[in-house]
Structure formats: structure tokens, C-alpha cells
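First chain written, first letter: the chains are A, B, C, D, E and F, and each begins at residue 1.
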Amino acid sequence: MTLRIFVINPNSSQAVTDHIRRELERVKRPDTELTVVNPQHGPASIESQYDRELVKPHVLDLVRRANDEGYDVAIIACFSDPGLDASREISSIPVIGIEESTLHVAAMLGHRFSPVTAFPKHVPTRDLHVRMGGFEHAYASTLITGMSVLDMEADPTTTKGRILAEARRAVAEDGAEVIVLGCAGLSGYAKDIERELGVVVLDPTAVALKVAETFADLGLRHSKIARFATPPAKEIR
Amino acid sequence: MTLRIFVINPNSSQAVTDHIRRELERVKRPDTELTVVNPQHGPASIESQYDRELVKPHVLDLVRRANDEGYDVAIIACFSDPGLDASREISSIPVIGIEESTLHVAAMLGHRFSPVTAFPKHVPTRDLHVRMGGFEHAYASTLITGMSVLDMEADPTTTKGRILAEARRAVAEDGAEVIVLGCAGLSGYAKDIERELGVVVLDPTAVALKVAETFADLGLRHSKIARFATPPAKEIR
Amino acid sequence: MTLRIFVINPNSSQAVTDHIRRELERVKRPDTELTVVNPQHGPASIESQYDRELVKPHVLDLVRRANDEGYDVAIIACFSDPGLDASREISSIPVIGIEESTLHVAAMLGHRFSPVTAFPKHVPTRDLHVRMGGFEHAYASTLITGMSVLDMEADPTTTKGRILAEARRAVAEDGAEVIVLGCAGLSGYAKDIERELGVVVLDPTAVALKVAETFADLGLRHSKIARFATPPAKEIR
Amino acid sequence: MTLRIFVINPNSSQAVTDHIRRELERVKRPDTELTVVNPQHGPASIESQYDRELVKPHVLDLVRRANDEGYDVAIIACFSDPGLDASREISSIPVIGIEESTLHVAAMLGHRFSPVTAFPKHVPTRDLHVRMGGFEHAYASTLITGMSVLDMEADPTTTKGRILAEARRAVAEDGAEVIVLGCAGLSGYAKDIERELGVVVLDPTAVALKVAETFADLGLRHSKIARFATPPAKEIR
Amino acid sequence: MTLRIFVINPNSSQAVTDHIRRELERVKRPDTELTVVNPQHGPASIESQYDRELVKPHVLDLVRRANDEGYDVAIIACFSDPGLDASREISSIPVIGIEESTLHVAAMLGHRFSPVTAFPKHVPTRDLHVRMGGFEHAYASTLITGMSVLDMEADPTTTKGRILAEARRAVAEDGAEVIVLGCAGLSGYAKDIERELGVVVLDPTAVALKVAETFADLGLRHSKIARFATPPAKEIR
Amino acid sequence: MTLRIFVINPNSSQAVTDHIRRELERVKRPDTELTVVNPQHGPASIESQYDRELVKPHVLDLVRRANDEGYDVAIIACFSDPGLDASREISSIPVIGIEESTLHVAAMLGHRFSPVTAFPKHVPTRDLHVRMGGFEHAYASTLITGMSVLDMEADPTTTKGRILAEARRAVAEDGAEVIVLGCAGLSGYAKDIERELGVVVLDPTAVALKVAETFADLGLRHSKIARFATPPAKEIR
């Protein structure tokens, strides 16, 4: 039976959406059918809590569309899972966050993990998400490229060098055994870094896709008792 | 010198806004000038994470207005602080959340506190916010009225009886010493409950107003280094 | 491409092995090939830490066999994951524990989970494993059937009634949203309990199988840097 | 209406008392009337747990005096809050600790805070107080001047240089966004450090005064149910 | 070689001192020589944080005497260890707290422990000390006799019945496996309760004495690097 | 009355057993009678979780022998306490682990402790044991000699130099006040390191012996209610 999975790139960049689609086409099962979309409006990249708030209403619209069009699972494909809890409230199909699902997988693969992020100012968000997910015991450190998402895409050689250097330090000093590529566009480096450092490197979008397939196979749904209970119907002005 | 404080009721109910204004006028300092507003759009009450996501863009617009119009402090007057972190990012004046500030005050007034909420399905949100704020050691339990916000307003006698019964149980069984009235409209009962049970009862909107005055007096600003760093300017489609 | 998954029932009961095989045949993907085995020696059921120590050398032998015979993933199919860490040390293929993998999935499906166990004396083990895995924030309570594994198999009607009663209480009082069937042989009740209570009910063996497929699809291996480093070769007297 | 606030400098140094009075006169509200006192006996500075035990009976005597003389709030103005819990037991007016209240405010102003202390041997006390207050998640590190309180007062240039250097390092390496000046006499540097580093710098005595005003405005009292219950009357030999 | 152990009953009751001496004479090693003393001044019983502050200067005087008179170890024999940290600062011999040492032993003897206390208002102190010592994972609950220390001594039959009933409930509901008799005068019941309930019952004074002998045998001293560093010499007015 | 203590060296090295016996003969009480044994089979050193699983069945056999031959206490003398929980289940005499008992003593002697281990790959085990024992608040860091157990024995001068250098760093940077010699054979250096650095240095085997004497003196047994309940009798194939 064909699984139909709806992947939401929360930013409005068609290029990122295309990139995610290409990556996921490589790891999906043959019987999985992917739709990868992005909102027409909102910021083209997500680099702050403010950007996240702006994309959430669009994410919610797309989650509703995934439900209306009969998809089996929806994935929010931005490493901070914007709108995840609210999406689960309004959805009767499972909604997967790429950060949440990847941190759970990372915690099973080694003693501690280190997510990659762009700038030091993003560290508090990583800390907070780790703490809310209950991963303090498995959190080594945050790797910082010091380059914007755009710059990382424009200069892959420098990017890879930065990640390698940071990962090497995290393995030696922070006890990192798993590296989580916290930004889209980095997935191409995973195998090289694994080979050079002996660490496990995870691409969150790919991990989330396989978790989505697992949820669909098992017929899993989020509990609707309390945390993800369907919101009361009400008039919105 | 006059302090100018901008209070945002995140739901679109003018009645709630008026209620908040009346309550705050009673506790504000003589030299504090209050503006209490609500968005024109969005849900009239906030009872889910979904509702919270819908109001956040409106809250952000109003926080920007508070900055543009030269207010000294802004307060988000809904007990779950929707949009607090993003608001601080885009604001150069302090932004106070009524839940965050009240839990800090509650933790100074007794061994453990218990917030009041409407239904069991709201307990996970209380748990998560307590954990996010680092208050696990001071969290007794959640008191549940079993009545909607509307019903609580319509039937004050039953409401007060429910809160009293729940608070009595929390004091006896959960070690509660402080009760936090987690919904607007409940503040009228504070003194009665304090008298009957000997607990401390906090009205979050009032507490937040005084914390706002404190921040203004001391010239405090949120650190803009990382967690609340100003978002990069970008085109929003 | 065919996945070959090696499932280890750590106790020496052929009947339990057959039961696990039947259950997993129903949920496996068509292209997954299952081998389900048990050790020839050791206890026929695992009800103490002592029983667990007795089965671990046998589990390790079988994990080695899975490696030698070219399987893609090995699963330890007993809800306490006996020998999991040591297995990962001696294995170059991934080794999945049904408890560890199921608690990670449970934590994504609702606010808190409650595993089912036989007797009160098993609660400390549940507590310790929850703490070891970093799941304190997602742990509601333990459901106790008060029946031995043998009695549960012999009297399904009473068993189901006990689980239902305990789960109902855990939902109402402990905030449980997900029930984890911590003993093999209980999986038949999952759908009925879900229907009656609205909770999510997880069968750990099935969950582990899908996680195993995910690990194989993504080519994931455990990090061999430190926690699961290959043991130094040495003479064993 | 005039607020009457009683500030207790727990050490016996009149110079420190005068310094605190001058600082607080600058931040108090016009309608706040301050009395700042110190015990006649006890150590002239507080640099150990032993010193703290010696000053506590004197602090308790002064808290009793604040109650007897009808003050609205008492403040214990030493950054370790000696005698805070016992003071609240014997007091019917609120008693504010400058460390406790400042850490709560610090936790609202940035991701993590770093208190300044004199010597490495004081770090355990900072750690313990952070842990007992539930602030682990918000604790960046401790800044060490390496100078005694006396030396810091005698050589402000060196002191400020040391704090600046330590704060710069804490911002870069420990994620500090808020600096807490844990010793009296340092408050003069706050604005300069804020300007140079962009961090928020808090003067605990000033923060505590504003929290005291807040408590008085709202008529807050500590709960007397358990943790701060009035001690049973008894003969003291 | 004879060990000389100095036991400090922090309250001024000679009767309690005599009781402690009788109990300890029964468990001490033949080559241990005991001196059991109490301060001449201060409260005759310790039932609040206020009482604790009043006895601490006397405890410190007695710890100094133990050092001056060449004892090998000092024990503070009140279940809340008043003045323990400061005592260690001024002492070159080890100082043992009966609560701290007993909680460490309790944590080795079963899954969770429950201390006995007199009234609900004492629960916060038990909670705080458990948290300070890092024993949250091993803390079942607090057993409440509902009787003052005096009443417990006057009516042993009722006391024992209360403790038995509370312990039975804690074993059944809270997972308690170890009961800690948190008040002097209760030690006589330990064996009976162990026999009736199958729990382990600890008498803190006896446990502390054996830990003291262990410290002396091994020549252990508290580290004087930071937490228990010798206070700087200074004039005390 | 003579105490009879049964010390189990879990590895099969007679040389290590002899070393332990010599060390313990020096610290035991005159009336304590020691039997120190090792299994005939299994690995000659324990350097991985795999090695630990291999020795556990042998440890359990020896614990049973200690019970059958009427010993008063058994000690598992390997710093990771292999088989401790299962041993307690099958034993009616107390079983002491040298790691568990030493970490409890270390936590009473200073602010934070640092265990010594051989290689970085052993750090996760130290982390996990610290976490399971509830010692996070007292854990400074792990000291790494970078030498195998064999090499440490062969070259004591280098070994001592490495430990000294690591300990000096841990005291200066990590807040270590207590050093725990996590490998047998290191005990000879304790006094020298204490003298040079002023830290407390613990030899776990010696500490465990004194804790064993304490347990025997007080007639302590592990609670058999749940965590260490006697396993149900069953046929083992």
C-alpha cells in the first residue's frame, strides 16, 4: 500500500523546498509518495524566534491541507519544529518534527550528541529545545559554523571545513558521539564527516521521513486526550 | 516621572480587556499610565496551543506599536505568555509575561505553588511551562475548576466554590502554599481564598504590572546578546 | 533490497518466541525477512535482575551470531533490554532494545506514558530505566496487573480487565496519554484499549521492528567512539 | 501612602551600611522611606559559612525589630541571604533576600546569568544557592575577581578591569547574558560594563529594594502554612 | 587504638542527651570512647528553622571544643544537621551530620526512603534537605506522626502505631523500602517495625556513629579547598 | 565478635586479588576476618560493558557462596560494581559495591569529586553511574591517565605523574575537592597526592571495607520488598 507523506518546508524558499525533495527522494521507500511544499508567504529563512512565529500560521494551514487531502503523515521540515504542538492539536494524522524525532534517534546512537547551528546567538534555542525534550543527559554541545545559511550554501568547502573542525573538537572535549546537522543543505557532508571522525552524523529531514514511515506502518496517532486535544471550535475574528 | 505601560490582552475580547484595565487601575502606582488593548482579530479566548499560535502575530504587532509609541514596558496579559520570546527579540523596551513573572514571585512566597486552570487537558501546558521556567521544585499541582472561562465568568459562586475546594485539597495533599489564579476574571476571589485557607493567592496580571514598574524604575532591558537578539532584517513575502 | 532482521527472545521459551514471530510477521514490511530465536539455555521467563544477568551471556552469543550471519539489525525482544550496551560494543550492526526504542516513540505521542508491569516489585526497574533514558518528564506511572506472565497468558479476560482498569486510573489521575505494554503476550489488547480509553497503546516489539527497519534504511550504526567502543581483544579463561 | 522599608546590612561595618544607604536612596521611589542598619556585633565582613552563622542571630533580632516598629518590608542586604528562612518564620511582614530576588529577576532578563564573587573558594556556595533556588538551567558560571572585598573597595580600577575581563569571557564561552554583582560596593560599575559588553548587569541591593516595593504595593505576605510557619513559642535558656 | 568521638546534641535538653548516650553506648565499638554533650543555652527542642539558627552558634562552640580537646570525630546529633557546613569550615577533624550520613546509607539499602517527621509543616525542610543532598531519586515521601516530640516521648504506644500506619501506607503507595526515624527517641521501635513490615528502619544517630568510626579508621578529613575552607581570621565585634 | 567479610575480585587475575588482600589487611579492624577471592574463569581485566557481562554470572556464584558459608557481608571489588543489584536479590547478607559506597562517602567530603579512569572511552560509564546514583550535583569531571591498567601497574612513576597532573587541573578548573581512585593498584598514591594538592583522595576498596563493617555492626540488610526482592524460584535450562 502506498504511503502518502506531506512534507512542509516552513520557509518560503522554493530552492530549499526543492533541495529537501531531492534529498528525501533518495531515502524514501519505493512505496512512499512524497509531496514537499512551502508557504507562499512568510520569511525565506528562519533565523529567530520571531521568524518562527511568522511561519507558524502558514505551517498550520499546510497541516490542515495535509489532513484534508488525505495524507498519512505530515512532516515539519525545519530544525526547531515551528508549530509542532499546535499542528498536532488540529491534525488527525501524525505530525513529525525533524528536530524532535532526530534527537530521539540521536540519543539511541551514542553517549551524547551535538547539533550544528549557524551562530552563537542560536545556542539558547538549542539549549531550550534539548531541555524541553528531556535530552540534557545526552547533550554534548552545539557546533557553530559562524556562517549564515546562505553563506553555507554558497561556500560548501569552507562550511564542511568548519563543521569538521567543530565536530573534531566536540568529540575530543565534549564527549560528542553523534553530530546532528541542524540546518537543511548540510546533508551532503554527512558521509564524509562520518568517515573522517568515526562519529555518527544525522540528517534530520531523512530521519524524520523514516520515523514518519514507521508511524504510518504502525497506524500510530498522537494521543488526543490532553496535550494535543482538538481545540474547541470557535469564531475567529 | 510618569511610567507608560502598554498592556496587551492577546484575545480579541473587549470585555476581557476592560476587565483587565479595571483591575490594574486599582493596583497601579499613581504615576503609572496604563494603556490596555486587544487585537481586532483572532480568537476571543485562548484555550489551546492552536489559539496561542493564532494570537502571536497580533501580539507581535502590538509589541511593535508599544515600541513605536514610546511606552516604557509592555505586558502580555494571558497566562501562557504567547509570543513572549519573539516579542523580546523585536523590542527594545522590556516585555513582561504574566505567567513567567508570577511564577518567579510565587516561588519566593512559599514552598510550592499551584496554578488554577479550567480543564484537565490544560495540565500539560502548565507542566511544560513550569519545566521551561525551572520551577519543578516549587510546583505543587494544578487546580482544575472544570468550567470554561465563560462559565466561570457567568457563575462566580460556583467558580469560587470549586477553587476553594481544589485549593483546600492542594494545601492538604500537595504541599501548596501559594495559589496562582491562572485565568483572568478570577482576581476578585483572591482575598476571600487567602482568608479562608491561609494560603497566598496571586493575581498574575497585577503581579506583572508591579514587575513592569520595577523594570522601568531600574532601567532594566532584556539582554540582546543571544536569546533575545534582534532578528536579522529580511524581506517577508 | 531485502532487510534481514534478527530478533532475540532472551528467555528460553519456544512458545514466547513463536508468539513474537507471529506478531512481527503481521507488522513487518514485505521486503523484511525475520529470524526470531531464543537461547537453548537460561530461564524460561525473566522476572528479576538475577534472571536478566543469567540471560545476558546468551543474548551476547546470539548478537554475535547475527553479526556473523550477515543480518542487518538485531533486536533484543524483552522489555528491559538485557545486555543492550554490551551487545552494541561487540556488534557492527545496530542493536535495538524494545524498551529503549518504545519509550522514545512514546515520548513523541503524548504528554506522559505508563508502562504495564506484572507486580509492584517490578516498579523500581521501570523507574530506573526511565531515569537512565532521561524520560522522567514523560513518565506518568506504572500500571500493575498483579498477575504473573504465565497467569496473564492463561487468563486473557482477567488480564485485559486489569489493564483497562489501571489504564483508566492512570489517564484520570496520572496524566497518562500513552500506555506501553511492557510484557510480550499483551499486544492483542492494544486496539481494544485504545478504542475504550482514547489513549495510544504501544506494543514494544512491533515498535522496535519498525525502528530497526528505519535504522537499516538509513544505514545507521551506533557510534563506536566511547560508550559502545569495541572491547579490547583478550583471553577469557 | 509612604512605604517604610527596613534594610539590614548583616555585617557590622558602618561603612558598608552607609554605602548601601547612598545607593538605595538613588533608586527608591519618592514615597519610600528607608532605614538602613547593621548589627553592633559580629564580623565586619562575611566571607564564609561560619561568618554567616555568626550574623544570623543578629539578623533575626533586626527582623524582629522591623516587625515591632511597624515597617512594611525587611531586606537582608548580603548576597547569600543569611537567615532568610528563619526570618520569614518569625516575621509577619515580608522579608526579601537580595540574592534570591535578584536571581529571579536575572532569570527573566537573558538565557543565563553569572554572579561575581571574590575567590574560587566561594564558588560552592554560589553553586548550592543556584541549585536550591532551581536556577541550574539559567546559571552560566561564576566570575572571580581574585580580590578580597576590602581590596576591591580600595582599588576600583583593578576591580573593574577584572570584572570586565571575566564578564567578557563568560559572555563568549559560558553563554552569560546577565552579570550579577554579588558583592556590595560593585554597583558603581554596572552601567560601564553594560555599555562595553552589551550584557545586562544587576545590582542585587537595588533589585531587592524594587521587589520590596512590589511586595508592599500588592500587600504580599509569605505563606505561613509550612515552610515559613511561625515557630512554636518556647523557653530559650 | 581508642577512637574518641564527640557527640553534640544541639538542643539544651539533658534528657535527650542522656537518651542519645544510652542508645549509642549500645552500638559503639568497644574501643570507641564517647562524649555526648549539649549546649547550656538555647532551645530545649528544635522545631523550626528559627530554632536551628539559635543553636548553630552553640554547635560551633562545641565543634571547636572537640577540636581543642583532641577528639577524632564530631557528630551533630539532630536530624537537620544544624551548622554542619560552618562546623566543617572551622574544624580540622571530620564533622558528621546524622541526616546527611543516614540519607547516604538509606540510598544504598533500597529503592526509596521515607523519613519520619512530626507535623506537615516540617515537610518543606525534609524536601529541601533531600534536594540539597541530591536524593530526589531515592525519596519516597515523608511520614507524619502528627505528634510533637514531647508527645511522642510521653506516649510510645500511640507513636509506634502512627509510625506503623504511615510506614505501611508509604510501602504500599510511595514505594518506600527504607524508613528513616527522623527524631531522636524513636529508635526503640526500629526492630518492631522492620519485623512487621519487612522494611529497613534506620536510626540516624546510630548510623552516624558508625560512619564516624569509618571516617576515623580511614583517616578521612573534609577537603579544605573551597566548600569547607578555613574561614579567614578576623576580628568579631 | 569476629566479622567475616567476603571480598570478590570479579576478574580472574590472582595478582589483583592478592593486591586487594594486602591493601585491605592494612585497613581492616583487628576483629575483621577477610576472605578475598576471584573467579576461576572470565576475563583477567574488566575494560568494557562486555567484560562486565561476562563476569557477572561468576560474581553471582561467589555471592551465593558467601551466603552459604555464613559470611557477614560481601564486597564486589571492581569500580563499576558488576552484578550489584542481582547480587542483592539473591543474597540475605548485605552486598557492597566499591563504586556506589565510595561515591556516597566522596559526596560527604567535599563539593565535587573526580574519579580516575584509564581512557576517554570509559567516561560514558562514569557519567551513567554518576547519574544513576544521583550524584550529578557532586560530579566534577573524570581524570584520564591514558594508560591501560597493565601499564599503570608496570610504570608507577608515570602513572602517578599523570594522576597528579589531571588532579591538579580538576582542582583548578572543575571544582574537584575529592579524587576517587577508580582502579585497583592506584591506592599507593593516595597519601602523596593528598599531600601535594590538598585534595581528599579515596581508595574505593578500603572505603567499601569500612562501609561493610558499618553494615555488619548495625545489622543492616538490604530491603527485600521490591528492588532487591528474592527472585522467584524457577527451573534454569
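Definition applied: contacts are C-beta pairs under 8 Å (C-beta built on N, C-alpha and C of every residue); 3 or more make two chains touch, one makes a residue touch a chain.
Keep in mind that this is a model prediction, so the values were computed, not measured.
*Asks:* Quick check on the contact graph: shortest path length from chain C to chain D, in steps?
*Replies:* Steps on the shortest route: 2.
*Asks:* Among all chains, whose Cα centre is located farthest from the one for chain A?
*Replies:* In terms of C-alpha centroids, the chain at the greatest distance from chain A is E.
*Asks:* Relative to chain D, which chain's C-alpha centre is the most remote?
*Replies:* Relative to chain D, the chain whose C-alpha centre sits farthest away is C.
*Asks:* Looking only at residue numbers at the chain E/chain F interface, is the share used by both copies over half or under half? Answer same or different.
*Replies:* Mostly the same residues.
*Asks:* If you tally contacting C-beta pairs, which comes out ahead, B-D or B-E? Let me know.
*Replies:* Comparing B-E with B-D, the pair joined by more C-beta contacts is B-D.
*Asks:* So the centre of each chain is just the mean of its C-alpha atoms; given that, what is the distance between chain D and chain E in Å?
*Replies:* Taking the average C-alpha coordinate of chain D and of chain E, the gap between them is 31 Å.
*Asks:* Take the average of all CA coordinates in chain A, do the same for chain D, and state the distance between these two points in whole angstrom.
*Replies:* Chain centroid spacing, chain A to chain D, equals 43 Å.
*Asks:* Just how far, in Å, is the C-alpha centre of chain F from the one of chain B?
*Replies:* Chain centroid spacing, chain B to chain F, equals 52 Å.
*Asks:* If a residue has to touch 2 or more other chains to count, which residues of chain F qualify?
*Replies:* In chain F, 111, 123-124, 131, 137, 175, 225-227 touch at least two other chains.
*Asks:* Quick one: do these chains touch in a line, a ring, a star, all-to-all (complete), or other?
*Replies:* other
*Asks:* Touching pairs of chains, all of them, please.
*Replies:* Result for touching pairs of chains: A-B, A-C, A-D, A-F, B-C, B-D, B-E, C-E, C-F, D-E, D-F, E-F.
*Asks:* Going by the contact rule at the top, pick out the chain F residues touching chain A in the complex.
*Replies:* 123-124, 127, 131
*Asks:* Flag every residue of chain D that touches chain B in the complex, lowest number first.
*Replies:* Contacts found on chain D: 27, 29, 96, 100-101, 104-105, 107-111, 133-138, 171, 175, 177-178, 198-200, 202, 206-207, 210-211, 213-214, 217-218, 220-228.
*Asks:* Under the definition above, what is the set of chain D residues touching chain A in their complex?
*Replies:* 111, 137, 175
*Asks:* How about chain B: which of its residues touch chain A in the complex?
*Replies:* 12, 40-45, 47-54, 56-57, 60, 83, 85-86, 89-90, 120-125, 128, 131-132, 225-227, 229, 231-232, 234-237
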